[in-house]
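Could you have a look at this structure, given as structure tokens, before my questions?
The chains carry the letters A, B and C, assigned in the order they are written, with residues numbered from 1 in each.
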Amino acid sequence: MIFKTPTTHFFTCGSSEGLTQLNSFDGALLDAKIGNTNLVKMSSIVPPKCKLLEPHDLPQGSLVPVAYAAITTDMPGEVISAGVAAAYPTDETQAGLIMEYSSRGHKEDIEAIVRRMAEEGIRMRGLEVKEIRSIAVQHRVEKIGTAFAAVVLWDEE
Amino acid sequence: MIFKTPTTHFFTCGSSEGLTQLNSFDGALLDAKIGNTNLVKMSSIVPPKCKLLEPHDLPQGSLVPVAYAAITTDMPGEVISAGVAAAYPTDETQAGLIMEYSSRGHKEDIEAIVRRMAEEGIRMRGLEVKEIRSIAVQHRVEKIGTAFAAVVLWDEE
Amino acid sequence: MIFKTPTTHFFTCGSSEGLTQLNSFDGALLDAKIGNTNLVKMSSIVPPKCKLLEPHDLPQGSLVPVAYAAITTDMPGEVISAGVAAAYPTDETQAGLIMEYSSRGHKEDIEAIVRRMAEEGIRMRGLEVKEIRSIAVQHRVEKIGTAFAAVVLWDEE
């Protein structure tokens, strides 16, 4: 194995304005409390037996595997949202599935969509859904804004 | 070194329809037999002496470095293809090069293009090509479809 | 922890023409002396106490965490540039921040923009800037060209 398989995960989200598109993305990461880590984007599985934890601080500068959705726009007044959902199968020897979605639109709509995506993914695996967890965030753009939602994978402390 | 350098690699590809763009991408990963892992995208080298294996199962939820091409469209009837090629130099102390390409179009054309790209990359390094390996897949879109091809890097079992 | 936290970093940049977009990107990586590694893109922190080194060779095929900006275009005569900046806070227990920017335009303009982005990011953290380091590169496109700039994170040798 190249990397250690993650043993814990948590959900987080955030939003921000910023001087530039990347500064607003950085601000959204800070708002989500993971702005001082090095996010490594991955596609999007919760390993079997991976514990769900509350959001918690990670060491500054550490490399952190994460599944995320993000949207950044510069249209004043526009409402943007980002959401992630994880669907866990009834068979606990099987992995859970994370889905990400972001769009112009309201949080409740984006969250409903991403939950359905996760449910559908478990169904495509021929499994039954035990539970779906999700988080989403909405942002009204002033000048340049980002909405960001993530499932962070990490190792047992 | 931050990460262990991979010691094996294999080629895989897949395609799928899906409820949404991300579900069709997820379905293509399942079809390629790596849908239950956490893919970490990287640019695109086969380390020297890295063994070529047959496609095989990886632990669920593990973090897997991969070079891939993917295309997702929602135009019914459209033909889409994705391919990857690795060119290996005659000097076995030197790394091989992976190239990725996806587009609307037929598999044989996309595969020929990506093979030429890999060959050109070895030439740019001032090396001679010993061998080129490739894989490609074609998909005719019904509603929302994805074609996906990858070189997966992994460690000796 | 899933991955070891990087303990060193260096700045590099490069540019190239190529047969295709991906070949020109690959050529720019070669010009930056990291073309034979597997770059894993991440967002964008310099861990506290992370030593700044001169650019140096990395093992072929190794997986390398990197923050980078890149632009590839196919407009003959066009001037494109890529830059990265890291801003380090006066409080050395705190992480530094890397920003990336690429665009059509001249090197000095892109470098000034990305430096301001990094400075702004430290300000958003409520910290004071001790120092900003940056690198940028400019390329005039002949047929298909790439400009690339990066901060590479690595472990103590």
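Note that in this section a residue touches a chain if its C-beta (ideal position, glycine included) is under 8 Å from a C-beta of that chain, and two chains touch if they have at least 3 such contacts.
If you're wondering where the values come from, they're calculated on a predicted model, not measured in any experiment.
Under half of the residue numbers at the chain A-chain B interface are used by both copies of the sequence.
The two copies, chain B and chain C, are related by a rotation of 120°, based on C-alpha atoms and rounded to the nearest 5. Chain A and chain B, compared by their mean Cα positions, are separated by 25 Å.
Residue positions of chain B with contacts to 2 or more other chains are 2-4, 6, 40-41, 63, 65, 153. For chain C in complex with chain B, the residues that touch the partner chain are 2-4, 6, 18-20, 22-23, 25-27, 29-30, 35-41, 59-65, 153-155. Within the complex, the chain B residues that touch chain C are 1-6, 40-48, 50, 63, 65, 67, 94-95, 97, 99-101, 113, 116-117, 120-121, 124-125, 153.
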